[in-house]
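Look at the two complexes coming up: chain A is in both, with chain B in one and chain C in the other.
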Partner chain A sequence: MNNLVVRMSGISKVFPGTIALDGVDLSLTKGEVLGLIGANGAGKSTLVNVLAGILKPDSGTIEIHGEQIEVRSPREAQLKGIAFVQQEIATFATLTVAENIFIQDFPTHRTLLKRGEMRTKSREMLDRLGCYFGVDDDVETLSTGDRQMVTIARALMSNPSVLILDEPTSSLSVNEKNRLMTVVKQLRDQGVTFIFISHYLSEVFSICDRIVVMRNGVVAGSGTIAEVTMQQAVEWMIGAANSQQPTRRSNMELGDVALDVRNLNRLGVLDDVSFQARRGEVVGVWGLMGSGRTELARALVGLDPVDSGTVAILEGSELLPKRSSRRRNLFGYVPEDRRQEGLFLPLSVKQNIGIVGLKGLSRFGLVLRKKENSLAEQFIKRLGIRVSNMDQQVRTLSGGNQQKVVLARWVAVGPPVYVLDEPMRGLDIGAKAQIRELISELASAGMTIVVIDSELSELKLVADRYIVMRRGRVVAELGHDADEHNLMSVAAGAENLT
Partner chain B sequence: MEDSSLKTRNLLRRDFGPIAGALWERRIKVLYVLTIVGILAFLSITVENFATLQNFTNVLNQSAVLGVLVVGMTFVLVGAGIDLSMPATMAFSAIIGTMYMDGGGGPGVAVLIMLGVGAAIGLINGISTGWLQMIPFVVTLAMMTVVFGAAVWITKSVSVTGVSELLVELFATRIGPIQVSVIGLALITFVASVVMGQSTLGRRLYAVGINPRAARAARINDGNLILVTYVISGLMAATAGVFIMSRFGSASANMGTDQIVLDVISAAVVGGVSIYGGVGKPYAAVLGAVFITAISNATNLMGIEYSTTLVIKGAVIVFFVALDTARRRTSGGSASS
Partner chain C sequence: MKQKLSALSGAGLLGIVQQYGFIIVLALVIGYFSLVAPFFLSWGNALAILHAIAPIVVIAAGLAVVVFAGKIDISVGSVAFLSATVGMRLHYDLGVPAESSLAIMILVGLLLGGVNAIIIVGLKINSLVATLAMMIAFRGLALTLTGSQSITLPEQIRILGNAKIGPIFIDIFVALVVLLVLNAVIKQTPLGRHIMAIGNDEDTAARVGIDVPGTTFIAFIISGGLAGLGGAMAMVQVGSITSFLGQGLEFTAVAVVVIGGVSLYGGMGSIWPGVLLGALTLEVVRNGLNQVGADPYLYQIITGVVIFVAIYAFSLRRFRAKPSGVRVAEANSAPEVSEASKPNQKMV
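Moving on, here comes the complex of A and B:
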């Protein structure tokens, strides 16, 4: 084909511990909108990062307009006509719209800015995009959608042949989304090629000409919109049915409602979230990236503020609403990023285990060595944490053992409700199984557990039922019998078709 | 050109694995100690009368005030803050105490009043930084200016006298060649070491300094802890005020010039306290104070001008901060936020 703009062949990229891309081929033709979809960690972002010169592939070739090139930096990619609008809206709040649009390449005359030129060119570009805000406005006065238009205008200044949009709609209102769609169509008709990354199938199917579905670093399927149905796309996202059997607890008895969340709101983050969980129950929170899962977790445990809503916890025989400052001392919380938020890396294993229950290990404000040691010893044994000794710095442990240390500090103080955010992320299969076992054990002992996991097959192994989130809302509560297809469809906004 | 700069950057940002990281950390520690020993050895050889027992006890006696200040600063630095107002607080509390005694007040009450003044200033610093999340550098810089200004104002920039003879005599007492203030410093260092090393407060403070986000997630009230560290530094500043006032029998605003701030911070970084928080031991910081005092002492003996001494001390700080930064990078210590 003559109008082939980009051809990537056999692109592979390995990160420590994972193969992010495994021989991926991708071609783009002039004036098409390609929808790139896939579950979390499927490799979409890695692939476009390679194309945009942010990551260097380990192998594979890239051709642009038939010429094989090496894209060594974002700058070089831009010169070759590849522009990338990243998911995080990167604007400079206190600079003007025109300054933001030209930030990568200010027009100058003997080192002085040519403000007039910046203004007129910005105006032209914004008119093309159908935007009516002023070029001299400070970006901080604009809405999120308008800011995104500024970043798109910035990307278009280099007159690219390919424009990559990574999750462009995730923080937009309905009107802003519609405007974006119009702009995309318009530019496509002018010959710009798009890569449109999204989790939301309905969006992809309404705007794209062709889709490519990725899973675990490979292309799981592709086709034109006319050929592919949403169900087919969902199947590709999930992959072959998982044969692993859930570690069901024998004799599962659910107790009283132990956690009652009502109408939790936080502007732009959580939208009227309500759900309940019982004693002895493992509730899986499922949703794609940006659905508000982590935000919900942090709000539940009182680390982030909420605008309105209540969280009540069972005490004795009553559900009592608790303020966020109190909740911090009632929940057990395993954060998403264990190195940045979970552990004190230079401190010892022993100190990391003891830190939450420090009061119980002390007398007159002094930590009792004996108590601290025996607690650490007990949990190192109980959770099978592999250490050479308990005074070893926790940063020298493997990921699985680090995660067990984080869990140990909570189990040591025995909170009635646990919120576990990605407790198995990055662990090997053995460690995952051990964490799952521990979760079951805690539930069997009558604890209530809310668990978030990006890997659906993994979540299915621990959760008794599911709440599904999308754009900060709970869009469905599904029972234990929900299959991966249901869950993925609801999370991706294709539920009306199943 | 672009390629090579990228390479250098990657080299600097190299993510050491846990084991290689520990190795580097040890090398940096060795470098710390070697540098200190090297400088002291150099001074011993080149400076006449430096390496004598007489001079050593001199240095020790002179370092008591700086030592007390740096113990207080260690608490604040470990919590990832900084207290620039300590020397001003020291001078101000000494002035208040001296004026009170000059007006006929007893030394015991005077000392209590001074500690109260220090704690109050620390409390304001602590509320601003710990609760209101203001930037420690700015808050304590402003506090330094306010307190120093107040000290100049109430003394009309002359020195005030009238310190109780009892205190002057107590602090002039020597046990062998060692002054009482050195014993006081030793006691304070011991208590501070127990608090930092053994208490729940110390344990939580290291946790907050290493990673405030993880600390919050682990049920630690970081705001209150930070507040407490500034109260401690205020109390230590006042204690240093008692020492210095008793040694001179007088007090003046000039006791708390910003030059002393530099000495306190130098002593802390030389003593291995990280300016990034989460790392540092009181006893080591006190050894840092002795080292800094020794440098002042040596430049004195050599007859080097004061301005040159400043240049040397400034260079020493930059060097040790560089080591601190290198250590932090290899240990992958604290989180960025």
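Moving on, here comes the complex of A and C:
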């Protein structure tokens, strides 16, 4: 086949602890739009990073136009006609639009920029993309969507034969999205090949000619858009049903509503989020990347401001709305990135455990060492944290034990509501089970728990009920009997099929 | 240009004040001193002011390049001192011709800039810490070389202190050329744009393939070289090398850069007219207070106030640019509103 533009064969990539890609084959023909989909961590991004020269594969070969090559750097990939628009928008606020477009390859005459050429070419490209902002505008005056367009214009400047778009629509408005779709179709008709990564099936099915579904570092299924149904795609994303039994609690009686979230809004982030949770209940927040889960968690615990809406907590027999500054003390919050946000790595286990309740541990502003010691001792024992001694630096603990330290800190002060963002990320199976048990224990003791987890099978093991988010909205509330298919369909925006 | 016009028509008087507030203040200060000090507004005084700021303009311009890249170089004063010292010692001890020793001073500056760059780029050490250490070390080295004695300049160099083209001191031309060339480098070359991009966001710059270490390296070399040149100019003005040469100059240079509207966060500001205006402001105030016979300590107080006002005015201007941020958010919220009502195009 002459039309073969790229052929990747047997691509493998191992990161410490995970196999990101396991012998993946992918080929692209001229003028097609390939939809690359899969759940979080399926290996999509790793695969395109390999093609774009950002990551080196451990094994496997890449052929471009039938010629086997090694893509050692992004620059080299670019020279071979592969352009990559990354998910994170890479623009420079105080440079002009034209400068941003040409930043990788300025046209010069005796080391001076050819401003005229930059302007004309940028203008032409932006007109093609249907953008009307000026080429001499500073990028800081542009909207996020327009900035995204600037990065696409930059990618197109090298006349690529393959253009990789990683989640290009996540920051675009509907108009901007439609404009992008039109441009993609136009360029495809001119012979450009696309890899289009998206979490939104409706988008993928409307623009792509063919889809490849990845799961756990392998291709789970593929086919042309005419052959594959959305339902089939969802099946491929989930894979074989997980056989693990959920950690069910003996005491399943739910108490009163303990957390009442009403109409939480934050421009561009959260859209009218309302839900309730009861005492003794574990509510799973499910959604794909960029759906606003972490943003919701941060808003709940009062770390991020909201434009409107209330968060009320049960006190006595009444639900009382709480200001964000108060909520920081009332919610036990376990952040997504425990090393960066959750722990004081150079401090000891003891200090990390005591840090939230320091007031209770001190007199006249001085920390009482005895109290701090006994508190640490108590919770190290209760949560089964494995340390050589309580003065050990938290940095030196394993992931599971670090996470227990974060939890111990809160359990020690006993907040009524816990918000756990990815509490089991990166832990081994044993540690995961222990964290799950701890969550069940807290719920049985009457605490209300909100859990975010991007591993659906894992979330299923702890959650009593689900709220599903997409683009900052709660799009569904599903009961305990919801299966993985339901959850994935709703999250990926394919819910009207059942 | 278009932007400035729209800012004017859009925001009215308030907009004008915010956009040009700084120049207005400078004009008011000049106006005030010309009323109270009879000789303030004269050709002679104007030239004296330009003559006085020439060395600091050169040094601050070099520093600004580093600041554009989001870094800082507070060793410039010590680099000025050490390069001047090395140049003169080579002349006296090894018989290097006096004229060549001036060129050597610039070379030494470039070299010392390279030392800073190696520490910052190679060892990945914070630029404030690295250049603070070098500020102390370079000065110590220079004091060792001079034995804390002042060095008198040879005749061939001393006469440069009075050299003029027409009525104008030549160091004014030197400073002017440095400003214009460096301004072109920053605004009109890939190197300059890459420096600005790095100052905007180092990670993003690396992601689009800009050579971040190499470019940062060059920025520190430019800063060092110009500190060497500025040191030579200051030395010529004084007529000798004393152990005070360049002392405190790093902070004057930082003040000049900041007053000139260069953001210490990087990626923003200009050599021309930014650095020039910054230096002018400081010297106009000093010169004016001097002429009205004010308490010398008053100058320091007023300098402090000027720095504060400059930064505050600058932050106001940035704040005014914010409304676009709101637009961003609005654009973003659009998909949420319509996503739900949007039918699935491809139903099976």
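To be clear about the criterion, the second predicted complex is superposed on the first by the 498 of 498 C-alpha atoms of A that agree within 3 Å, B and C clash if a C-alpha of one lies under 4 Å from a C-alpha of the other, contacts with A are read in each partner's own complex, and residues count from 1 in each chain.
To be clear about the criterion, a residue touches a chain if its C-beta (ideal position, glycine included) is under 8 Å from a C-beta of that chain, and two chains touch if they have at least 3 such contacts.
Fair warning: this is a prediction, and the values are worked out from it, not measured in the lab.
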item: When chain B and chain C are modelled together on chain A, clash or fit; value: clash
item: Touched partner set for A:Leu303, first chain B, second chain C, both or neither; value: first
item: Touched partner set for A:Arg471, first chain B, second chain C, both or neither; value: second
item: First (chain B), second (chain C), both or neither touched by A:Gly134; value: second
item: Which superposed partner A:Lys13 touches (first chain B, second chain C, both, neither); value: neither
item: Superposed model, chain A: greater residue contact from chain B or chain C; value: C
item: Contacts of A:Arg179 with chain B and chain C, given as first, second, both or neither; value: neither
item: Partner chain in contact with A:Pro346 - chain B first, chain C second, else both or neither; value: first
item: Selected from 40-48, 58-66, 130-138 or 310-318: the stretch of chain C that, after superposition, runs into chain B; value: 130-138
item: Set intersection of chain A contacts, chain C complex versus chain B complex; value: 73
item: Of all residues in chain A, those that touch chain C in their complex; value: 73-75, 78, 86, 88, 90-95, 99, 103-104, 106, 108, 111-113, 115, 134, 136-138, 140-145, 154, 171-177, 202, 205-206, 225, 229-231, 267-269, 271, 470-473, 475, 493-494, 496-497
item: Contact footprint of chain B on chain A as seen in their complex; value: 72-73, 301, 303, 328-329, 333, 335, 340-347, 351, 354-356, 358-359, 362, 365-367, 393, 395-396, 409
item: Interfacial residue positions of chain C with respect to chain A in the complex; value: 2-3, 184, 188-191, 193-194, 196-197, 199-201, 204-205, 207-210, 267-268, 321, 324, 326-340, 342, 344-348
item: For the chain B and chain A complex, residues of the former touching the latter; value: 2-3, 18-19, 21-22, 194, 198-201, 203-204, 206-207, 210-211, 213-220, 278-279, 331-333, 335
